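Next up: some structures, all given as structure tokens.
Shared between the two complexes below is chain A, which has chain B as its partner in the first and chain C in the second.
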Partner chain A sequence: MVTAATSYGRSGVADWIAQRVSGIILLAYFLFIGYVLLSGVDYASWKALFAQTWVKIFSLMAVLSLAAHAWIGLWSVLTDYLTERMMGTTGNVLRLVLQVLIGITLFVYVVWTVQILWGY
Partner chain B sequence: MRLPITAWSSITHRASGVFLFVGMAVLIWALDASLRSPESFASLQECLSSPLAKLVIWAILAGLIYHSVAGVKHLIMDCGIGETMEGGRLGAGLVFALSAVLIVLAGVWIW
Partner chain C sequence: MLQVSIYRYNPESDDKPYMQDFQLDTGGKDIMVLDVLEQLKAQDTTISYRRSCREGVCGSDGLNMNGKNGLACITPLSATVKNNKLVIRPLPGLPVIRDLVVDMGMFYSQYEKVQPYLQNDTPAPAIERLQSPEDRAKLDGLYECILCACCSTSCPSFWWNPDRFIGPAGLLQSYRFLADSRDTVTEERLAKLDDPFSVFRCHGIQNCVNVCPKGLNPTRAIGHIRNMLVARAT
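Let's look at the complex of A and B:
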């Protein structure tokens, strides 16, 4: 079987499902946060909310979903435009470089969020 | 560019996805400031009262709203609903209309 080394799940169907599941988790999380903000918060209530274990877990789930979702999504974008067919070898090199930069950025997002959730 | 409405809906979904990848850094930064200390919470609140900061937040929310509405339409079509030419046009039209309403509401909320 041909697999793509930089795809997320090493197969198209796995990526397709992960893209949808992570999208739904992100949507649920943003609706939750939006609802909380609309109800009005001050520092004490906001802090108390994020002190709860389930909110920490939900937030961690959201940032992990973000990492998977953005990786898959941006992979689709890069493999559509930066290709060998469109710009020769430059396409392959540029695509891999950008993919590495995206991976590093998403890794930072995850670690940063873990730090926010459990560090303060 | 003259493109069918379905093509516009697809390219804006893509553009909003790329934009959100960057926008999330701002939101995580805001989350950081909001939970770090009472002082940083207060300074975040103050910063967010500046027109420019409001505009940045509104832009991110607009991207999030459009991408989410179009994303949900994707999920509905994945279930086999509206997968015709007409259904596709109608779906794209609905996505634009609903997003526009929600984006205006988000703007009202911010200001």
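Let's look at the complex of A and C:
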């Protein structure tokens, strides 16, 4: 059976709200980056931009939102198609393996982002 | 001649389902799909399907006609036949018992989950529980559902998780009691819906609205439930 144990907030409302909030943060971040790129950047101004603490925090928020958003979204997809009802035990095993892979990937992205933002 | 193709399956004699083709002379008349089935059944008495009222009231003849769910008794050929061809299948996503007859067990157990009856613990008044015309009006577009299952069986979220997602029909009835001013267990009802599946598997693609033979709008009702759940949580 599919349980909610591996969902994000364990409750439908929590997942739903997290999905909306993370979506808004991501939208704001991409608009911001888009605006910066369109108004023309070179190496120096790009470096100066990311030297500011608020840009680092905004970027970190965006990548955390991305991780949450992707986790909730992919969890919904996996629990639609890869379930015990559809494929027997294989469904559960396959879903769990993919969830672990997704979790590791997202974790790596977050750590990598922190490294980039605060490492240079 | 109308070309009719009907889904046939008798688990006692067939290994797997197959489509059987028929030709029918409708005399150029715009009859209902149910009339077509009745005439074909006169030719081949083994064709099985459910029907009762033949006027869109009982909800027993929900079928998939040329790819779209609806009630056979109130679907005229002109509304569904293209290129002189009519393909009739059982409602999708539910186990087939025989031919066009499906096992509605999963559909009903989701309906049962929403406790589709009025609950009120306060002492009953001498005559009846009154409701203002405004409060009564809130139930319009909700109480008319005939549980034909056309909506839930057209919903992909219900196909994938019929055991956990309540589905449009059940949720429409859930909201019918959430919206009722005489019902006093709103909080208990909402608490039971706050998991990632029961309500939140709805992704708002409105297949349900598209097929409801009663012109009801389950998506809107689901939106109301979601707002109530969010308001309750924040």
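The rule is simple: the second predicted complex is superposed on the first by the 117 of 120 C-alpha atoms of A that agree within 3 Å, B and C clash if a C-alpha of one lies under 4 Å from a C-alpha of the other, contacts with A are read in each partner's own complex, and residues count from 1 in each chain.
Note that in this section a residue touches a chain if its C-beta (ideal position, glycine included) is under 8 Å from a C-beta of that chain, and two chains touch if they have at least 3 such contacts.
All values reported here derive from a predicted model rather than from experimental measurement.
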Room on chain A for both chain B and chain C (clash or fit): fit
Touching partner for A:L38 - first (chain B), second (chain C), both, neither: first
For chain A as apex, the angle formed with chain B and chain C - C-alpha centres, to the nearest 10 degrees: 70
Partner chain(s) touched by A:L27 [first = chain B, second = chain C, both, neither]: first
Partner chain in contact with A:Y109 - chain B first, chain C second, else both or neither: first
First, second, both or neither for A:G91, with chain B first and chain C second: neither
Which of chain B and chain C A:A70 touches, first, second, both or neither: first
Contacts of A:T79 with chain B and chain C, given as first, second, both or neither: second
Touching partner for A:G12 - first (chain B), second (chain C), both, neither: second
Least Cα gap, in Å, left between chain B and chain C after the two complexes are fitted on chain A: 6
On chain A, positions contacted by chain B and by chain C: none
Complex contacts: residues of chain A adjacent to chain C: 1-2, 4, 7, 10-17, 76, 79-81, 83, 85-86
Residues of chain A defined as touching chain B within the complex: 20, 23-24, 27, 30, 38, 43, 46-47, 50, 63, 66, 70, 73-74, 77, 102, 105, 109, 112-113, 116, 120
Chain A-touching residues of chain C, taken from the complex the two chains share: 156-157, 160-161, 163-164, 193-201, 226, 229-230, 232-234
Interface residues, chain B side, partner chain A - complex: 14, 17-18, 20-21, 24-25, 28, 31-32, 34-38, 41-42, 64, 68, 71-72, 74-75, 78, 109
